[in-house]
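Next come two complexes built around chain A: one with chain B, the other with chain C.
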Partner chain A sequence: MMLKLNDIHTFYGNIQALKGVSLEIEEGEIITLIGSNGAGKTTTLMSVCGLTPPRTGEILFRGKQIHALNADKIVALGISQIPEGRRIFPEFTIKENLEMGAYLRNDKVEIRKDLDYMFDLFPILKERQNQRGGSLSGGEQQMLAISRALMARPTLLLLDEPSLGLAPIIVRQIFDIIKKINQEQKTTIFLVEQNANLALKVAHRGYVMENGQITLVDSASNLLNDEAVKKIYLGA
Partner chain B sequence: MDYFLELLLGGLTRGSIYALIALGYTMVYGVLGLINFAHGEVYMIGAFVGLIVSGLLTVLGWPVLAIVAIATVCAMVYAAAYGFTIEKVAYQPLRHAPRLSPLISAIGMSIFLQNYVLLAQSSDFQAFPQLVPDFEFLEPYTHIILSSELVIILAGVVTLIVLFLLIKFTKIGKAMRAISQDRQMAMLLGVNVDNVISATFIIGSALAGLGGILVASHVGQINFYIGFIAGLKAFTAAVLGGIGSIPGAALGGLILGWTESFATGYVSSDYEDVFAFGLLVFILIFRPAGILGKVSSEKV
Partner chain C sequence: MAEFKKSFIAALWFVILTFPFVAMKVDSFEKVVTWRWDNVLYMGVGCFFFSWLWRYLLQRKEFSKTEDKNKKSLFQQTLKDRLFSDPKVFRPVLIAAFCVAVIFPFLFSPYQTTIMTTALIYVVLGLGLNIVVGLAGLLDLGYVAFYAVGAYSYALFNYYYGWGFWSILPAGAILAAMFGVVLGVPVLRLRGDYLAIVTLGFGEIIRLILENWDEVTFGPQGIPNIPKPNFFGLEMDFQTTTLYMYFVVFVMTIFTIVVVRRLNNSRIGRAWIALREDEIACQAMGIDTTKTKLIAFGLGATWAGMMGVFFAAKNSFVNPHSFTFIQSAMILCIVVLGGMGSIVGAILAALILVLLPEYLRAFSEYRMLIFGGIMIIMMVFRPEGLISNVRRKYELHGGEKN
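Then we have the complex of A and B:
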């Protein structure tokens, strides 16, 4: 078991965002969490990363409790998040953005190698490595955000709405990369998406979330054919 | 011509001091978005530590150079410790509070430190020894520049260069810049924000301590109130140059220093502050973010 959320309750002040969320991710899996706006998907990811720690419940990473750790300690364990909106540092160059991804690492030679790997994965980033992050288009920023997260060599990658605001052709490209990372790097992937159709096509299993609670769990293919899911999330 | 040169170098001296202090304001603003009003008091405390240490060592009969070095180091370390503690006590507990709360806490800290030194040291001006010896090679030029002024200018330049390199190339510098752009994202990449904020306070306060001892040795007297005035001017310099920007703090300091120096020299020293703050108003009308500041829309 890679990650296990056990009945977590997360609050923003007095407002309860998560009302007892439990989920599990196996090593090497791609799982997706789908749900409408405000269901608590982003909060779930932020709870895992330690930015909005749960008030009650436990989060286990490879059997070790992490819900009381500081965000930087959680990253050090190998959990990276690509947050919604990509959050590229606009004043850093692309290269500096990537170097920030390797903030906790000290192996210069390996960092150099990973940098080359990212430039290989996304040649456009190599071309523009000395441009400011803020000057990139949305699709390029998403590529940079993915590369930046991979620079930390995570074993678990959390992605929040990677398709948001991108052209369909770019979205397909991004999802191909996600699959590639999962297959080649053996990185476990926890994908949060509003585009349920797409997400369920790449994921192995899916969770459906409503009002801060998980309402459905099943294999991705079953969810794709589930009448209720179809009606609400797939627009069919 | 000599008069002009004197004013020019005098302005440069003032400007270097303002810049040294303004750096602390601007660095803290960069990572926290907070004006640390207690910063001027840290400068004042640095001066007092310099006074106490140099007095003690003089009584013990230490060589001049050792006194200068040890007093300076003590002032910087002490000031850094104050900066670190101020942040832990007055700002860290308010990290998630509305923006006004830490600001009020900062003003409270400033008043507290002033009165604490007032109680300990009385309100009288105390003579500060001249720590910087008169350089022989400056002998023919003393009507233009004093050795203490030269030291202040050099300290300002060296500090700026070192700080620039630190911010640009070291890990902690990168972390500071990352936090100033997007604190949450920096955390998601593994930056320990609390540590970086502490480091920012330590560096900025050490520079204020350095400024405190240099100025005190140049002016020759100190009391509990010098930090308030110097802090106000340095804050003006930081805003003038664009708060949050390190080159901006340097530029703002220089411009303010020259404005005051020339206003004093050619108009009247009574109008020194009028010109200084008039300039601030003027610049803020045309460039609200300061000279090198970035125009950004407020995040609500």
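Then we have the complex of A and C:
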């Protein structure tokens, strides 16, 4: 078991966003969490990475409790997060952005290697490595955000809405890359998405969330064919 | 043509506004009013001209911006860029500046040397605040508090325990750093305006304590007779002391520049800039934001503490009045005017802001007017400061294109 959320309740002040969420992620899986706006998907992710620590419940990463740790300690354990809205550093060059991803690492040679790997993954970034991050288009920024998170060599990658505000063709490209990362690097991926159709196509298993609670768990292919899911999230 | 019309309206409006005190001269004894119509004319023409010039410059600025984008001249190097990025140009300039600084006190009178000493104090203060405001992006309006901590630590330790300058210099710096961290802890969650207000309050607290704790700090009277630093116990006359003080602060300035430069390019420096850009992304990178902010506050305050000790020694007198908000504002002006995060900018701005008022004594009545005017013009035409940080430039090396 890689990550286990055990009945977590998260609040923003007095407002309860998560009402007892439990989920499990196995090593090497792509898990997706789908749901409508305000269901608590992003909050679940932020609870895992320590930005909005849960009030009750526990989060276990490889059997170790992490819900009381600071965000930076959680990253050090190998959980990288790609925040919603990409949040690249606009004034840093692309290369500097990637180097920031490896902030916690000291092995220069390996960092260099990973940098080359990212440039292989996204050749456009190599071309523009000395440009400011802010000068990139939305899709390129998303690519940068993904590779920046990978620079930390995470074992678990948390992705928050990679399709947000991107053209369909770019979204498809990004999802292909997500799949590739999962296969090549054996990185476990926890994907939060509104675009349920695409997310379920790349994922192994899916969770459906509604009003701060998990309502459905199944394999991705089953969810794709589930009548209720189809009706609500797939628009068919 | 529309611009002319707008300028004309502005001039007319100004003439009406200033009419009572420009055109009318009332003699209250004779009970007559003298009308000075020629003044009105000058006012009108002057305003028209300035307004038009203003518009013209603004327009040109907008124009050059769009042109920049069209031609991609962002990739072209301007003279200024060459000056700072090309070591062949930059090094001789640096060496020349160094030489000038070294022979300065031998060329000019002690009075000039004293002014330069003050200017160098502000260079260091500007560089220190640059860490907090320019790099880490934490707007600190109470920076002078740490300056006060340094100054009073020398004054008090000397008065009560008889410590000398050289032993208090590091102690004052460390004490100020501690105060920096103490201020940092409660403001960790604050950003922007809120942070500014809290730091402003902190600055006032320190000043008010110094002013009201009569038994220890002697309140507004201050503490006199603070000894100057000694040089291996050598007795020095007034002129040598001035010279000596100048070189002490000069060495400290060099030391500061070297350290700040190293910090700028270090891991923690990167973390500071990242923090300025996006705090959430920082956390996602695994940067301990708490620690990073506290280090910024602490290291920023260190320089203020050091300069405080030096300031006390230089003036041989401290009182709370030297540490008012206007001082914080002045140091902040240095950082903003010089360009956030830029070392050369901070140095230039400090020299300009300290030396200009001194040499403009002839216009002393208009000093604040000129000062304010310069600030407005700067912010409109060069909001990024005199010398913007090199980081904000595109780097593109010929070979890598396509």
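The working rule: the second predicted complex is superposed on the first by the 236 of 236 C-alpha atoms of A that agree within 3 Å, B and C clash if a C-alpha of one lies under 4 Å from a C-alpha of the other, contacts with A are read in each partner's own complex, and residues count from 1 in each chain.
What we mean here is this: a residue touches a chain if its C-beta (ideal position, glycine included) is under 8 Å from a C-beta of that chain, and two chains touch if they have at least 3 such contacts.
Since the structure is predicted, the reported quantities are computational estimates derived from the model, not experimental observations.
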Which superposed partner A:A152 touches (first chain B, second chain C, both, neither): both
Now for A:T93: first (chain B), second (chain C), both, or neither, which partner does it touch? second
Which of chain B and chain C A:L51 touches, first, second, both or neither: both
Considering only the touch criterion stated at the top, classify A:A76 as touching first (chain B), second (chain C), both, or neither. both
Based on the superposed arrangement, let me know which partner A:Q131 touches: chain B (first), chain C (second), both, or neither? second
In the superposed arrangement, does A:L104 touch chain B (first), chain C (second), both or neither? both
Looking at A:A220, would you say it contacts chain B, chain C, both, or neither? Reply first, second, both or neither. neither
So which one touches more of the residues on chain A, chain B or chain C? C
Following superposition on chain A, which residues of chain A contact chain B and also contact chain C? 49-51, 70-72, 75-76, 80-81, 83, 87, 89-92, 96, 99-101, 103-104, 148, 152
Inside the complex, what are the residues of chain C that reach chain A? 267, 270-271, 273-274, 277-278, 280-281, 283-290, 391-392, 394-397, 400, 402
Can you check the complex and tell me which residues of chain B touch chain A? 171, 174-175, 177-178, 181-182, 184-192
Chain C partner contacts - residues on chain A that touch it in the complex: 49-51, 70-72, 75-76, 80-83, 87-93, 96, 99-101, 103-104, 127, 129-132, 135, 148-149, 152
Spell out the residues on chain A that touch chain B in their complex, using ranges where they run on. 49-51, 70-72, 75-76, 80-81, 83, 87, 89-92, 96, 99-101, 103-104, 148, 152
